[in-house]
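Every chain is named by a letter (A, B, C and D) in the order it is written, and numbering of its residues begins at 1.
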Amino acid sequence: MANKSILVVGGGISGLTAAVEAAEVGYEVFIVEKNPYLGGRVTQINQYFPKLCPPNCGLEINFQRIKKNPKINFFTLAEVESISGQEGNFDVTVKVNPRYVNENCTGCNKCAEVCPVERSNAFNYGLDKTKAIYLPHEFAFPMKYVIDDQACKGAECGKCAGACEYNAIDLGMQAKTIKLNVGAIVWATGWNPYDANKLSYYGFGRYNNVITNVMMERLAAVNGPTKGKIVRPSDGKEIKSVAFIQCAGSRDENHLKACSSVCCLASLKQATYVREQYPDAEICIYYIDIRARGKYEDFFTKVQEEANITLIKGKAGEVKEDPSTGELIVIAEDQIAQKVIEKKFDLVVLATGMAPTTAEVKIPAEMDYDEDGFVVSGAQTPGIYAAGCVKNPLDVASAVRDATATALKAIQSTVRGQQ
Amino acid sequence: MEQKNNQPVKYDLNFAREIYSLENGSYIKQCMQCGMCAISCATREIMDYSPRRLFNLIKLGKKDEVLEANTMWQCTSCCTCKARCPRGIPIIDVMHDLKKYAIQNGYSDDPRAAFYKAFWAEVASRGKVFEGGVTARYYLIRGLDELKKAFAMKDVGLNMLRHKRMPLLPPKKVKGLGNLKKIIRKAQELERKEAGR
Amino acid sequence: MKYSFYPGCSMEATAQANLKSIEAVAGALDLHLEEIPDWNCCGATVASGVVGDFTQQVMTARNLAIAEPKGYDVVVGCSSCYLSLAVTNKRFKEDEHFKALANEALAAGGLKYDGSLRVRQFLEVVINDAGFDRVKEKVKRPLTGLKVAGYVGCQTVRAIPYEFDDPEYPVQMDKLMEALGATAVDFPMKARCCGSSNAIAATDIVVDSALKIFQSAAGGGAQVIVTPCPMCQLNLDAYQQRVNQLHGTNFNIPVLFFTQLMAVAFDLPEDARALNYCIVSPYEALAAYGVGK
Amino acid sequence: MEKKIAVYICTGCGIGDALDIDALSKVATGEYKVSICKTDGFLCGKDGVELIKKDIEGEGVNTIVIAGCSSRVNYDVFDFGPDKIVERTNLREQVAWCHPAGDEDTQMLAEDYLRMSLAKLKNVNLPEPYQVDDFSKAILVVGGGFTGLNAALESARAGYQTILVEKEAALGGYVGKMYKQVPLKAPFTELEENSIPALIKAVEEAGVKVYTSATIEKTAGAPGMFDVTINQNGSTVQERVGAIVLATGARPYDPGKLGHLGFGQYENVITQAMFEEMAAAGKLEAGKVAFIQCAGSRDKEHLPYCSAACCIESIKQALYVKENNPEANVYIYYKDIRSNGQYEHFYKKAQQEGVIFIKGDVTAITENDGTLTIEADDHTMGTKSEADEFDLVVLANGMVPAAAFGEMLDAAPAQDEAAAAADEPKVSVAPIIKSNMLNLEYRQGPELPSLKYGFPDSHYICFPYETRRTGIYAAGVVRAPMDMLSALEDATGAALKAIQCVEATARGQALHPRSGDMSYPEFNMTRCTQCKRCTEECPFGAINEDEKANPLPNPTRCRRCGTCMGACPERIISFKNYSVPMIGNMVKAIEVPEEIEEKPRILVFACENDAIPALDMAGINRLEYNPWVRIIPVRCLGSLNLIWINDAMARGFDGVLLMGCKHGDDYQCHFMKGSELAEYRLSKISETLNRLGLESERVRATTVNIMDYDKIPAMLDEFAKELEELGPNPMKDFQ
């Protein structure tokens, strides 16, 4: 008897969507997420283009849908270790890493108050710190604390365990293995921001005021490291000018060969963040082509008109720092003006693109990948489907559509498996 | 680019096709006009056209502008543009092709053309390079005026001489020079055959 | 470890210090270099501009063909030669059509190259094969307090990008200098072009490039510049006085091959250090490390 | 169901420290005569839950009040089965974590919240699902082009009976006429064979029932029971289906309007579609061809949007020419090359094949001796340019959705006129274009409302299949401009949504965003005055009207927002667990201190989708705010009935604040118009309030999104300050 349940790997917007959509048809779903919370990359985004609305709004609805639906099961801090079997009958081994905090946690924050150790806050891309025991962010679902075992001093400290009134802290918690039997698998492990350190000509990592677009989201977010104030990381100063460098790694044979699809719109969106906080700031976008497809063209037009940005046709070639002021000099060839220009900025934002997670970690099954590591669509292993940005670089709405489509593909696999 | 009498520049693909057929020429077609090369170049401030603009001129069919440009001669083969080009165009190799093409087609006014010829003559005759030899050949090609200019630099040369940096005698020729010459001749023959392919 | 060694033309002329110090340092680190017999010029980046890439690469391949029977990795001590040899070698490995054609040409001289060798730079061999630990062991006179600008130059890291270091902001040579006890200074121009062969036909370019490099090195407080490249070494060394004359500057930064500084730290004899070849005198800067005229 | 109520007060997470729990318990046991009221220090712990379960078993408790944390957390811990009513009184996030411990005002707040919960329960009943016998699970796909065929195939492959209706005699649509198609898979460089013939075969093999030369004459009914009248060559058939995928495609932009690019003037200036036909017919001999991008698109005078597919379609067509004759000269004039994603490889491929790309604006096209000359501003060269001797110029003339053709209907003319006459704000209504695709028998119009430019798209980023006509999902280029790869995904996604709709409908459950909700509005028709407010304001067109203007509800179209309930002046619309009296009782349960006590009261109606989580976030961040506020969550501000404002003012509340979602062009309301409608309704009562001597400023609407939690304290303090300036509500004395 084949199995009608579906495993969804990755609890970001694509995975959540695939899971919720399949469950609302009536299928049992398991979500395996490697972070201690669901929501993935979109939880770190301040606003979506083109509506400039907060991602947490849609996530809240999705979490409500999960909460109300007994057919959805999820594991956080979990990774798929192996897959065997075939369409309609896959055996999957899932490793669940220790949270060191059990289900008793009420989210009261007493533990973090007493924790003596700090760690770099990955949620804010290292722009600030949290305690070693922490709530990943205030919207975290599930709302349970977690311990970073790289930072935690363990039982020798134990202050958090002493402070917890609910016996929720288990410093000796071990990883455990879970076995699942499912009919189909949706792989939706998403993307990583392309490593800006590899673009040494832009000085990321050497110059504090060169940041990436994902960091910009955190700087602009009210629950970010600066409470939403966009400032220079080097000294916390307000900014008078900002440059956005498009195709930082994308459309590049040496880095990501594909276009990442979203960065043009993301930079236009981030220009609105800056404009809202700094009515007089100079905003320049260095680009090759502005890719605002379909109705996004309206957003492009609107931002151009309302945000008063300067578009410079020419990929930025280099960024230099004036060490005395922390200012950055962006050098580019303004192709319309037919000359090389050097302009000074307080902040440079690299529009780094999407590297699929499968560029680094492959699916433990027979699958094909393209030159950037994106999963090639089509059934290499029937019954395993990629969804969202692990397959194509997509904006959120497209990823959601793709995940919805993939939910049907997975359902079809379980139906075929019945025959 | 200068526009004569405000007349529209007329595209002519014939010259472009000729350039595209050079050893590395077909890569030029991949240029997406991003301009990364323009910034990467160590000598960009003194180049007539950035590689991007040069590729555009090729596309337009502006033969004289392209071949009279100093762009390829300013190229020092530092590889920055080649390492960075998002479209994977081996720009320095394209520049080699353009230098060769310019020399072959009689566009060799640039002093570097003389230097290149001198260098090659030196290699071809001994299998190794001897700076003294290259320099002598260079001034032979460029003539006396150039030598006068060089005189201003004599302290550099003297300093080198003083620190045993400029041997006056050439190194030994390659023993297998005959074979090397045969190899080179054969290579050139094959290359011509390939180009005509 | 045994290696086939390709010195290149400059080592017989302008860069004899390079040859001397490489040989000495290699010996000290148990790296056995065997010169490729009857090697010829690689054509540098100049020959292609006259005869095209193919002919230049075939000419280069003659050296590889001669070295192939031994099977050792080919070690190169010159950046420009490395560019020629490494790129040619890569084509043999990746482009079957090229390989067949090139072998047809080589056959005219009775040679054949299968593309089986690895082409490596001496700098990379020191770092990866000898290793920082062995280097540290050999240091007799730690270069404590010496501020070094590691001028890697262009082709060393960009011939095959990311092969062993970042193509634009390399760090490996700095680490090597730290292993000698020296301090590597922040040096943004460390991988920019020196002007290359324009030294003869367009000296302005070299003077201009050198100025920027000196400014950058001096900005970091460098006492000496080290480089793995003979062309870089020559341009920065020979034109330093000229830069000062033309720009009213007074740079006095000795420019050494990194191997010369290793020889100093290893306390190898003067012949290995070959400091007398330096045009800008290094003796003052290195006085504290047992170096005297 | 006879309710047996028990109250459980959790004292953990600081609640016990903040409040006098005994006094709080007395509210339950004393005021509300609840026989079981227990406290626990860790109610969500094993022992706490066990305590409750024991009472359920032993005492027959079936209605449980958890006075502790927010319902956003521990939803699973406090789930005691579908036959139990659970009410969560938020003493943690909304009391203990955002108000000072041990304070008199904090205690009053907690006691009021418990009162509100207990008062609410009087009108809360377990919902019973709406189910009828003859629900259909069949899926209808309208449109037999690339998207429609794929949607039908995917639906059939999932095991659902599928019906496909195509107006032309042959299936295939626009793509069917193509010579070849753009790559849909890695490496994204190779032209693919036209997939339509294989698709048609697959659709037939999958058992899809196909009607060609057929149109939809009428669509009556509702999800699970749509009765569709199909006209095939003049004769009609009726089909009952559960849900519909609308995949009627797009048409090329009218090239007749592109005279400036020589169309109509020169025979050899043609459109992308014409070129496909030429290529399919093997006529590819042109030796020099130019493609002009954005011919109509990205142009304020024509189509302001980008048509999304044209760049890669032109690249494909350029490759046709090169494939046929590698020596042909092919130029593409463009603004920006939009080969998004992996189509970058396709762009590069065309370049490698020798296609010349010119970033520039075409300024003139002329004909000389039978060939065409193009003048353009070449942007990357900074010159005017000219190229001549073109045999063919192909205009990439973009796309217009099939839904955009037809007469534009004004959905609510009566309301507009009235509003215009009274110079009052009016609620914007999405236009409906009579495009003759579905011919819905809906009171609000015969087709899907269009979002912009005639595309019946979803407005939501997170929920791109959100539809304002439940059970009808637009897919492909009728919905939004897109390329074929997107259309393929869209077709499959829409098929899933249609399947989900028929399944949820059969279970009697609501669809997104209140998915799973089994309550639905019930109408007490005896008191109906036929005012039409409910039928006009329903955002989903769920309510039809009979000829006497009586509302005819369709529960399976309903999305349970309660907008009808809020609109009804007679208060005849109720859900089993959400009603006008339920909220009214909560308002009345709040103790309003007398004027002399100088403790004003502010009533907040907060949308549970965004405002309530934002208030929770204020708590989680320990942001302190005004203790005079009492918060009542509502499903949507659209469900706000003005009687609640009346009640509140009459009770002596000093002010009422509505916290809803953003409205306007970028609205965030999950039910489209809820917050806008609430403001509209407020505007109607301001005069009445003024007449009663109550300043209309006392009642105010504001928008709060989920990330605005940091602004909430100031927002409330400011309102409180303004109310203080106005002085106490004069009605207090009449209590």
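Keep this in mind: contacts are C-beta pairs under 8 Å (C-beta built on N, C-alpha and C of every residue); 3 or more make two chains touch, one makes a residue touch a chain.
Please read these numbers as outputs of a predicted model, since none were measured by experiment.
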### Query
If you average the Cα atoms per chain, which one ends up farthest from chain A?
B
### Task
Tell me which of A-D and B-D has more C-beta pairs in contact.
A-D
## Note on the structure
Taking each chain's mean CA coordinate, chain A and chain D are separated, in whole Å, by 24
### Task
Compute the distance, rounded to whole Å, between the mean C-alpha positions of chain B and chain D.
62
### Message
Taking the mean of the C-alpha atoms as each chain's centre, how many Å separate chain A from chain B?
### Response
47
### Query
Between chain A and chain C, what is the gap in Å from one C-alpha centre to the other?
43
### Query
Residues of chain B touching 2+ other chains?
1, 32-33, 52-53, 83, 87
### In chain A, residues with contacts to at least two other chains
201, 251, 254, 335, 338
### Query
Among the residues of chain D, which are close enough to touch at least two other chains?
337, 359, 380-382
#### Entry: Pairwise chain contacts under the document criterion
A-B, A-C, A-D, B-C, B-D
### Query
Which residues of chain A touch chain D in the complex?
13, 21, 24-26, 46, 48, 50-62, 64-65, 67-69, 104, 106-108, 138-139, 143, 165-166, 221-223, 227-228, 251, 257-261, 289-298, 301, 313, 335-338, 368, 370-371, 374, 376-378, 392-394, 396-398, 400-402, 404-409, 411-412, 415
### Message
Please output the residues of chain D touching chain A within their complex, sorted ascending.
### Response
12-14, 41-42, 44-45, 69, 72-73, 75-76, 154, 157-159, 185-188, 297-298, 304-308, 336-345, 359, 379-382, 452-453, 455, 457, 459-465, 480-482, 485-486, 489-493, 495-497, 499-500, 503-504, 507, 511-513, 515-516, 609-610, 613, 617, 620-621, 662, 666, 668, 670, 705-707, 709-710
#### Entry: chain A contact footprint on chain C (complex, rising order)
161, 166-169, 188
### Query
Which residues of chain A touch chain B in their complex?
201, 247, 251-255, 288, 314-318, 331-333, 335, 338, 340
### Summary
Contacts from chain B onto chain D in the complex sit at residues 1, 3, 6-11, 13, 16, 20, 26, 29-33, 52-53, 56-57, 59-60, 87
